[in-house]
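One chain, chain A, appears in both complexes that follow, with chain B as partner in the first and chain C in the second.
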Partner chain A sequence: MSAIAPERAGVTTQAIEGSQPVRLAPNYWPFVVPALVVVGAVIVFPWAFTLWMSVNSWTLGQSRSFAGMENYLRLASDPRFWESLWHTLTYTFLSVVAPMFFGTVAALIFDARFPLRGLLRGLFVMPMMATPVAVALVWTMMFHPQLGVLNYLLSLVGIPAQEWIFNPNTVIPSLVAVETWQWTPLVMLIVLGGLASVPREPFESAEIDGANAWQQFRYLTLPMIAPFLMIAVIIRTIDALKSFDIIYAMTQGGPGTASETINIYLYNTAFSYYDMGYGSAMAVVFFIVIVALSFILLMLRQRSQWIDAEGK
Partner chain B sequence: MASVTINNVQKAFGNAKIIHDVSVDIADGEFVILVGPSGCGKSTLLRMIAGLETISAGKIAIGEHTVNNLRARDRNIAMVFQNYALYPHMTVADNMGFALRIKKADPADTASRVKRAASILGLEKLLDRYPRQLSGGQRQRVAMGRAIVRDPQVFLFDEPLSNLDAKLRVQMRGEIKALHQRLGTTTIYVTHDQIEAMTMADKIVVLHDGLVEQIGAPLDLYDRPANLFVAGFIGSPAMNFIHGHVEEGIFRSAGGLTLPLPEGIQPAEAAGRELVYGIRPEHIRATGQGLSGTVTLMEATGSEIFATVDCGGEVISCLFRERLALKQGEAVRIEIDRASAHLFDARTGQRI
Partner chain C sequence: MGSRLLNKIGLFFGALVLVSPAILFFLWMISLSLKFEIDNGAYPPILIPERFAWSNYAKVFEENNFLLYMWNSVLVTGTATLLALLIGVPAGYGIARLKAERSAIVIMIARMTPGLSYLIPLFLLFQWLGILGTLWPQIIIHLVVTVPIVVWVMIGYFETTPMELEEAANIDGASSWQVFRLVALPIAKPGIVVAFILSIIFSWNNFVFGVVLASRETRTLPVAVYNMLSYEQVSWGPLAAAALVVTLPVLVLTMFAQRQIVAGLTAGAVKGG
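After this line comes the complex of A and B, so read on.
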C-alpha cells in the first residue's frame, strides 16, 4: 500500500508501484515569469505610470514637476470636466436603454417563426459589422440639415427640418441614435440566445393557469431571460462608456462642447493641449467612475441570477 | 364544474394521424380515466381538451360551450402535466399560487389555499424551494398542488403519480379520490397503471392507436371486455388467450387441448370460425381435476401464487389465492371457471 502524499503546488509526485514516490524539484518559475512580465508591462506599468503622471504637472515639450493633488483639485473646479462627465453619463444611459429596448423587441420578433426569418435576421445584424468611421460618415451625411435624407423623410410627414448633430440640444440624442442603430443587433443576438434557452413547457402551464400574453412575458419570459439581459446591459454599458470613435468622427465633441464626453475631453487635453498630467488625473477619475458603475452592475447581475438563487 | 363532450374528434400532426375518431361523453362531476398503451394518444387527447393542441376535426364541448376555438387560458381548466412543466424560477409556493396571483386574488386567501394544498400533498416544508431543488416525485406533487389550489371547471391529470414510490402512490390515489369526492369537479385522468384505473375511475376509456376500444365502468371492462385488446389490457396478470375452434360443443385448441365452453355460449354461434378462448389467471383453480399440466414457473408473493402451467403445448398463467405446495416441474391439474371465461372471434377480435 502506498501512502498518499499531500500534493504541493509545483511538486509533481509520481507513485511508482513498489517504490518510494519520486519528487521532482520545484521548477515552476520559468512558467510564471513570462506571465508576470507581460502582466507587469501591459497592465501594471501603464496604470502606475498614469497614476504617477496624474500627480505631476507635465505638458509635453516642457519640464515636468511634482504637483501633488493639484491636478485633481483643478479637475474638481473645472466646469468643462463636470459637463463632460454629465455628457458621458447621459450618453451612456441612453445608449444602454435604447438598444436594450429595441434589441429585446427585435429578439422577440425574430424568435417567432415567419417566412424569410433567416434572411431578415441576417440583414438586421449588418450594422454591427460596419466600421465606426464608415458609419460616422454615412450618418453625418444623413444628418445634414439641407442635403440629409432624414430631414427629407421628416418633410414627407410634415415635421420641420431638424439640425441633428449641428444643434447643441439634439446632438447627444442624435449620436445615441447612431450608437443604437449600430448596437441594437448585438443586444438582439444576446437576447435571442436567452430566448432559445427558455423551456417551452412552463408557457403551457401558464396558458392553463390563465395568463395572457403580457402576463406570460412579464412573469415567465422576462425573469427567465433576465441573466441574458443583464449581460447585454453590462456589455452595452462598457461599450458606451468607452465610446469615442463615432463621437470623434462626427462631432469632435461639438458643437462647442455640447457632445464632449470625458473620452473626448481627455483626448483633447492630452493630445491637443499636451497636458499629460491633467489628462492622467482625468483618466484616473474616469476609471473610478467605471469601477463604481461596474460594481453596481455586478450587484444587479447577482440579483438577476435565479439560476443560482438559494431562496430569497 | 361542467360536463365534457368529445364528439368524433380527430387529430393529425402533418400527415401522421394520431387520434382517428374518438367520442366520449363525460358527465358533470364524473371521474374518467383514459388508459392505453404508450403512444396511443392519451396525452394528445388531454391536451386537445386543455386547448394546447388544435382539433383537426370533430368537436369538444365543456359544459354548454364548444371550445374548439377557445384558448386554453379561457377554458378554466387545471392540468397536471406528464413532464410537470413547473415554473423554474419560482418557489414551490409561487408555482402553486401563480394562477391565483395573476387573477389578482386576495393574497391572504391565496396563501391559505397554497398552505392547504401543501399539507394535503406533504409539501409544507418545501414551500420555499425551487423546482430544481426537488426530487421527481416532489415536483410531481407540486404540479398536482398547482392544479388543486384552483377552482377549475375540469381537472386534467396526465399520469400524475408515475414518479412516486409505491407507498406514496397508494396514499396519493386516496387523496385524489377524496379530493374528487369533496369538490365533485369533473376529472379526466390519464394513466397506464391498471390499478389506478380500476380503483379511481367512475368510467374508464380504453384507447388504442387513436381509437376508443371500450368505454365502461371498471368492473364492466373487467367482466365483459368488448374485445381482445381490452381483455388483454385490463387486468394483471394479463388474461390467457388460447387459439382454436369449437368442435362438437367443446373448444379445441390448435395444440389439441380441450376446454369447456364459457357459460352462456351456444355451440352453434361459435362454430365454424377461428376463435380465441380467454380466461383470467385468477379464474383458474387447482382443484385436483380438469386439465393436467406441468408447472414451469412459480412465484409466491405471500398473498398469492403466480404460476405458469404447460398443458400440452399451451402455457397458461394462473393466480392461486390459496397456499399450494407447488414445485417447478411438478404435475398439476387446473380447473377453469366457466362462468368467467370468454370467447373472442379471432379475426375481428370482438367478444362473442
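After this line comes the complex of A and C, so read on.
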C-alpha cells in the first residue's frame, strides 16, 4: 500500500507535466479574424483610399489628376481651415471641461445613498441616449431670440435677452451648452464606475484619524479615481473633436463661419463642393490631430496608472 | 441620526438640481409637440396649453412618409447590430483571452476616426458599385459604429469572467470553440445584452452617415426629421412631434434597460477604455 502511493503520485505529476504544452495554447485567433476582416474592409480600406485621394486633385464630375502635396499646401495656406481648427480646439476644450466638472459632481452624489436615487439616475442618463439631431432641433427652438423659452427664463431673473446661436460671439458657448447637456451623463457613468471600485477601509481609518470630507476627497477619492477621470477625459476629447450632429443640425457652421469646426468644413468641402481630393487631405490632417491629442492623453493616463499602482 | 437624515435630503436636492435640465428639456419638448402654432408663439410661453394639438403627430405621419423612414431605421439598425454581435462577440472573447492590446488599439482608432473620413471613399465605392439607392450602404457603414461598441463591451465582460471553468473544460478536451460556445458565452449573456442595447441606441441615433448616403427613399429617421426643417416653414409643433417620434424608441429602451446600461457602462464597458 505504502509502496504504491508514491508511485501513483509520480505518475499523476508526470501526466500533468506531459500534457501542459498542449492545453496551454488554445487558439483564440479564429475568434478575432472575422472582426479584423470587417474592420479591414470598412475601416482600413477607406483609410488607404483617403490617403491616395489626398494626393490627387479631384472634384466629382471632373477628371482626376495627380497633385502630389498640393492639397496639403493649400490646406496650410487656407485661412478658413485655420479658423476651423481654432473653433474645433475651443469647442473641444470647453466640451471636455464642463462635462468633466458636472459629471464628477453628479457621480459623487449618485454614489451616495438617498431616496429615489435609481429613478433620478435613470432620468439623468436620458440625454446621452436621446437622438442628437432631435435634441438639436428642440434646442434650436429654445434658443430662438424672440420666441425661445430660454430668453424668457433669463428675463425672469432680470438678464437681458441673448442671441445664442444666432450671434457669432455666443454661438460656440451655446453649442457647448447643448453638448454638455447631452454628454455629462457619460462622464458621470465612467466616474461612478471608478467610485464603485474604491475600497471602504481607507476611509474608515481616515475618519478615525479625523480627516474631514474635503480631505478625504482630495487625498483618498481623487487619486483612486484618477485613472477613470483620465478615461473620461480621453473619450470626451475624441467625441468633442468629432462632434458633428449638434453643430450641423443647429448652425451648419454659421452664422457665417463662426461655428465651423474642421468636421463641418470637411463635410462642406467633400459633399457640398464635391472637392474629394481636398476633402481627403483635410480628413487626413483632422485624423492626425485627433490621434495626436488622444495619444498625449493616453500617455498621461499611463502615468496616472503608474502613480496609482505605486500608491497602492 | 438627525444629521444623517439631513445629509440624505441634501443629496436628494443636489441630485434634483443636476437632473432638472434633463427633466425640463424633455417636458418642454413634449409641450412644444402638443401645442398649436398660436400657443407655441405665445409670450410669455405656455407650458400646458388649453387645447392639445394631437394633430401635430398625425401630420408627421401623413405628410412626411415617416412610416417608411421608420422602417428604414429599423432595418439599418437591426441588421447592423445583428451583424456586429455575430462577429463582435467572438472577437471580444478572442482579444480578452489573447490579451491582444494591439487589436484593442485598432478598435480604439476606429473610435477616433471621424465618420466623414469613412464617408468619402465608401461613398465613391458605393456609387461605383451602383448600390447607392438601396439600404446596403448604410447598413455596411453602420458597422463602423456597432462593431467597435460590441467588441469594446465584450472585451470588458470577458476580462472579468473567471478563467477556471474554461481551463477545466480545456483539460477535459473541449476545443476552443466548444469552450467559447458552452462555457464562456452563457456566462457573458448580460454583457451581450448591454452590447446589443448600446449598439442599437448609437446606430439608431446616427445622423452623419444617412445625411450623405441616403436618397429620398432610403432615409433613416434622424435624416428625415432634419429634412423637415427645410420643408416646413419652421412650424414648431409638428417639428417637435417628429423629433419626439424619432427619439422615443431609444428613450423607452433606456428607461426599461436602465439597470443594464448603467451596470454595463460602469463596470464592464469602461474598464477596457
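What to note about this one:
Please note the rule applied: the second predicted complex is superposed on the first by the 265 of 312 C-alpha atoms of A that agree within 3 Å, B and C clash if a C-alpha of one lies under 4 Å from a C-alpha of the other, contacts with A are read in each partner's own complex, and residues count from 1 in each chain.
The rule we apply is simple: contacts are C-beta pairs under 8 Å (C-beta built on N, C-alpha and C of every residue); 3 or more make two chains touch, one makes a residue touch a chain.
No experiment lies behind these values; they were computed from the predicted model shown.
Once chain A is used to superpose the two complexes, chain B occupies space next to chain C without a clash. Of the two partner chains placed by the overlay, only chain B lies in contact with A:223; chain C stays clear of it. Judged by the touch definition given at the top, the superposed model places A:205 against chain B, while chain C stays out of reach. Once the two complexes are laid over each other on the shared chain, residue contacts for A:215 go to chain B alone; chain C is not touched. For chain A, the partner that touches more of its residues is C, with chain B and chain C as the two candidates. Looking at the shared chain after the overlay, A:109 reaches chain C, while chain B stays out of its contact range.
In the superposed model, A:152 lies in contact with chain C only, and not with chain B. By the touch criterion defined above, A:281 lies against neither chain B nor chain C after alignment on the C-alpha atoms of chain A. Touch criterion not met for A:176: it reaches neither chain B nor chain C. Taking the two complexes aligned on chain A, the least Cα distance separating chain B from chain C is 8 Å. Those residues of chain B that touch chain A in the complex are listed here as 50-52, 71-74, 76-79, 81, 83-89, 91, 98-99, 102-103, 128-130, 146, 150. Chain A meets chain C in the complex at residues 19, 23, 26-32, 34-36, 38-39, 42-43, 45-47, 49-50, 53, 102, 105-106, 109-110, 112-118, 120-127, 129-135, 137-138, 141-142, 146-147, 149, 152, 181, 186, 189-190, 192-193, 196, 228, 231, 234-235, 238, 241-242, 244-245, 248-249, 263, 266-267, 270-271, 276, 279-280, 283-284, 286-287, 290-291, 294. Per the touch definition, chain C reaches chain A in the complex via residues 8-9, 11-12, 14-16, 18-19, 21-23, 25-26, 28-29, 32, 40-41, 43-45, 86-88, 90-91, 93-95, 97-98, 100, 103, 106-125, 140-141, 143-144, 147, 151, 170-171, 176-177, 179-180, 201, 204-205, 207-208, 211-212, 221-223, 225-226, 229, 236, 239-240, 242-244, 246-247, 250-251, 253-255, 258, 261-262, 265-267, 270-271, 273. Residues 199, 201-202, 204-212, 215, 219-220, 223-224, 306, 309, 311-312 of chain A touch chain B in their complex.
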